[in-house]
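Next come two complexes, and both contain chain A; in the first it sits with chain B, in the second with chain C.
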Partner chain A sequence: MELYSPEGLRLDGRRWNEIRNFECRINTHPNSSDGSSYIEQGNTKVICMVQGPMEPTLRSQANANKATIEVNLAVANFSTLERKKRSKSEKRMVEMKTTLERTFEQSVMCNLYPRTVIQIDLHVLSQDGGLLAGLTNAITLALIDAGVAMYDYVAAITAGLHDQSPLLDLNGLEELDMSTLTIGVIGKSEKLSLLMLEDKIPLDRLESVLAIAIAGSHKIRDLMDNEVRRHGNIRSSKLVNN
Partner chain B sequence: MDTNEVISITKPEALVNDIDSDVEMSDIEDIETPKDNSNTFKSSIVTPGELVTDDPIWMKGHGTYFLEDKTFSSVAGNISRVNRLLSVIPLKGRYQPETGDHIVGRITEVANKRWKVDIGTKQDAVLMLGSVNLPGGVLRRKSESDELQMRNFLKEGDLLNAEVQTIFNNGIASLHTRSLKYGKLRNGIFLKVPSSLVIKSKNHSYDLPGNVSVVLGVNGYIWLYKTVAKSNSAANTSITSNTSKFQASVDSSGSYAPGQGSISITRLEEESSWEIYSDKNDPNISNSVRTNITRYNNVLKALSYCELGITEQRIIMGYEASLAYSNIGSLIDKEAMESICQDIINNEKMRGA
Partner chain C sequence: MSKMILSPAERSYLYDSLTQAPPIRPDSRTDHQFRPLEAKTSFLPGSNGSARIRLMDGSECIVSVKSKVVLSALESSLIECDIDVSGFRDDSNFVSNLKFYLTNLLQHNFPTQYLKLTSRYAFKLFIDCIVISHSSYPLSLISLTTYLALKTTRLPLLVSDVNDEEVAEQPTFSDDWDNAKYIGDFMKDGEVFQPPIFITLGVIGPNLIFDPSTEEEQVLENGLIVSFYGNKVITPISNINLATNSNNSNFKGLNRSLITKAMALGNKYCPAVVKALDTLIEQDDEEGTIF
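Here is the complex of A and B:
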């Protein structure tokens, strides 16, 4: 299997700096949540629902200074080609949950919501690489939809290194065969709020991988921003009519 | 390698334009372009992280943050300016209580001298024992025995309508039910809609056609119930029932039971008897009233589905439009909800609203 052909085409026909089809919707579940979103990053599909800020169910969750962010992650049995039952206590899942909680504790203005909890429910419907990035983007959109104050968008994407050339937005097959870097970029800046690298990348190559990943994140941010504006304009035009 | 180039293929823009042709899309393209003249703000919405103004003259309000002399938005919403105060009002969000709001809530906890009430805010509101009408009249001191039997008045899960009395410094709302129109809710059905859809007005409880009344909580919690009979006849019956009770309480036990047997002078004292905290529904709610209540329930669901602001007039118009459907259950079909809302919009246009 040739991951990157001499002509510069990848398995699915993309160029090295091409992201997969990115689709997103916000306010998909207006009745069952305060904020909701749905994203497709290639074949990775995620639903996110946000409840809160709300009164915590347990006293222990209440922090007198800031809001507690609680992430629940559910991966559907049918999300991969092979049907498989997954437990919530799996090590990878717990790690992903903690990573997301810590990422968003930084970008959400938690100090504005003392003694409350923000509950984020994620449902992975289909996975094909870049799961953590997809989850991050879905949470960002759902939090914006919920009207929770944030410093900026957190847009995430994966990038990998094949031989000498960096590849942007890896799919599932590519992710198996090369080291994958996931980053979450704050808005249009070059500040990272999330960086995940589970295997190795040579230090002298890391910079070029990071550079394309940051550029890719900015693109994702723009695509998400378009959707937020599209939805926002429809909504505010309806309210003006009243 | 030029790393700033990213190729992305998305659906053609024309398709998106087609769906919402009634919305002006002109401002979509200009993202993060700081305006030279900070006094002319864009009419479209701002999103988190967007520069609102770099003029330090503005005071920052809700929905903004301040970094290096620049004010950024922290939510997606519309900019509002009041004198020098600049804030961004989110398009959506939890209900923000304000003093004087008429709200519907549900008791979540009975605590020391107070009830905790879920009113859809970030933190539960409190209803102090001192701010409710207890049996026995308004000017009665709240005694220790009242504290002990708080659960007899209101217990977990009970619904009530109340008014926001004050907002404490920490943002928690304090409620009161010191009026005859507030108190425990009976004989009806509860419904929740996004609070942004409820349009604030002078009055939030209406009598609707079909012998149904509604309490349209500002917090988006709605209570639909059977209209109570007019006060004249009600007062007469309760006076007779009161006198008989008075005799009963004297006969059975010589002990003093507040409100249960005392003869009242004003209507308020009389109606704030134990009956206002009763858990019993009216036994004679006719089938037609029940079906009307469900019809209104589904009309309100349709209004919230189409994200139309909810007013008394629109509820009535929706009800009239819904009469075309004999099966109430079919009202919550997508097509039915859309056609009802279309009817309402057309109706408003005809009236020139």
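Here is the complex of A and C:
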């Protein structure tokens, strides 16, 4: 299988620096959560629901100085091509959950919500590469919808290295075959709040991979911002009419 | 999940309203009326069938049906269900009960003969339900969503020989997804594919109320789960305390005559429920996105 043709085309017809179709919606579950979002990054589909900031059920969860962020990750059995039953205590799932908690503890102004918990429920309906990036983007949008104070968007994307050339936003097949870097970028800056590399990339190539990943994240941030503004306009027009 | 949803005064008011003839329900529904719902089908490209139902209170369920070709001799059943309820452990009583109800219903009331491909091979259906949020007892929500998912399940067209008794042959399928058939398409003339459904009934005084809401569940004297298949109410009919998350002090024994009444009501109103779901599928636009 040829992942990257000499003409510069990938399996799905994209060029090296193109992202997959990115669709997002916010406020998808207004009746069952304080903030919610749905994102599609190619065929990776994630629902995110945020509850809170609210009083924790257990006293032990309360921190007198800042909010506690709790992520629950549920990956549906049918999310992969081959159906597979998975447990929530799988090592990969636990690692992803902790990574997300740590990322958002830094990006949310947790000090504004002492003694509260912000509960984030994620449901993965379909996965095709870039799962951690998709989850990060979904959480960002849901937190914005919930009105939780954040420093800026956390926009995430994957990038990989195929032979000599960096490729942006890998799909499931590409992700299997090359080393993949996931980054989360704060807003339009070049500051990273999330960096995950599960295998190796030569140090002299890392810079080019990081560069396209940052550019890609900025693109994702703009797409998310469009959706937030679109939704904001709908809301404000309702306010005026009433 | 709050332990106490209603105050004693509210409970008493609601109880008295619901025991009137006809019952006065808080959302002004009639006794046999369901809560309004919103549905979407065929939005998961990786599944053979999928559906989502959302109620106005935010309760939501997503069901996917996936198929796999299996050697029928090695399988105890051609249908396997799994339920995942947000906020509950998979091995909790609540989830295992729901799973048992659904598995038991589908395994006994499903035209599995149409899943057989050849004398050796068959399709096995994996039905996965995820309950994203719920406030009232979610069984009928799960079952109605499963109905929609099964009705819109498409299976690839078999192109190899059906008779493989003499020659061992692996089944092969048409590459063209447009040739795929709905389960209903395999059925003979005059038969319709209508998967079984569950409905929940609340028992209060002399009344039976369809699809009780969370508040109503708090004051019910009993709850009934009625199954409906092939245009009539079938067994199992079971009783249950629907207020699973709180103490229901009104809960008591069940009057026998109410079971026959429940069957009569089920026979009378369930065809309309099934018809409404079928209309929903017809009217659903094939856009492929859920929101």
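By our rule, the second predicted complex is superposed on the first by the 242 of 242 C-alpha atoms of A that agree within 3 Å, B and C clash if a C-alpha of one lies under 4 Å from a C-alpha of the other, contacts with A are read in each partner's own complex, and residues count from 1 in each chain.
What we mean here is this: contacts are C-beta pairs under 8 Å (C-beta built on N, C-alpha and C of every residue); 3 or more make two chains touch, one makes a residue touch a chain.
The shown structure was predicted, so the numbers you read here are calculated from the model rather than taken from an experiment.
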item	value
Which superposed partner A:215 touches (first chain B, second chain C, both, neither)	first
Partner chain in contact with A:85 - chain B first, chain C second, else both or neither	second
First (chain B), second (chain C), both or neither touched by A:8	neither
Which superposed partner A:76 touches (first chain B, second chain C, both, neither)	second
Winner by number of chain A residues touched, once chain B and chain C are compared	B
On chain A, the residue positions that both chain B and chain C contact, one per complex	23, 30-31
Complex contact set, residues of chain C against chain A	44-47, 56-60, 62, 64, 66, 68, 82, 84, 86, 90, 126, 128, 130, 132-133, 289-291
Chain A residues within the chain C interface of the complex	23, 25, 28-33, 38, 40, 43, 45, 47, 49, 72, 74, 76-81, 83, 85, 87, 121, 123, 125-126
Residues of chain A defined as touching chain B within the complex	14-15, 17-19, 21-23, 27, 30-31, 34-35, 52-55, 109, 113-116, 144-153, 168, 186-188, 208, 211-212, 215-216, 218-219, 222-223, 225-226, 228-230, 232-239, 242
Chain A partner contacts - residues on chain B that touch it in the complex	1, 3-11, 16, 20, 22-25, 27-28, 31-32, 44-45, 47-49, 63, 65, 72, 74-78, 90-94, 108, 118, 122-124, 170, 194, 196, 199, 304, 307-309, 311
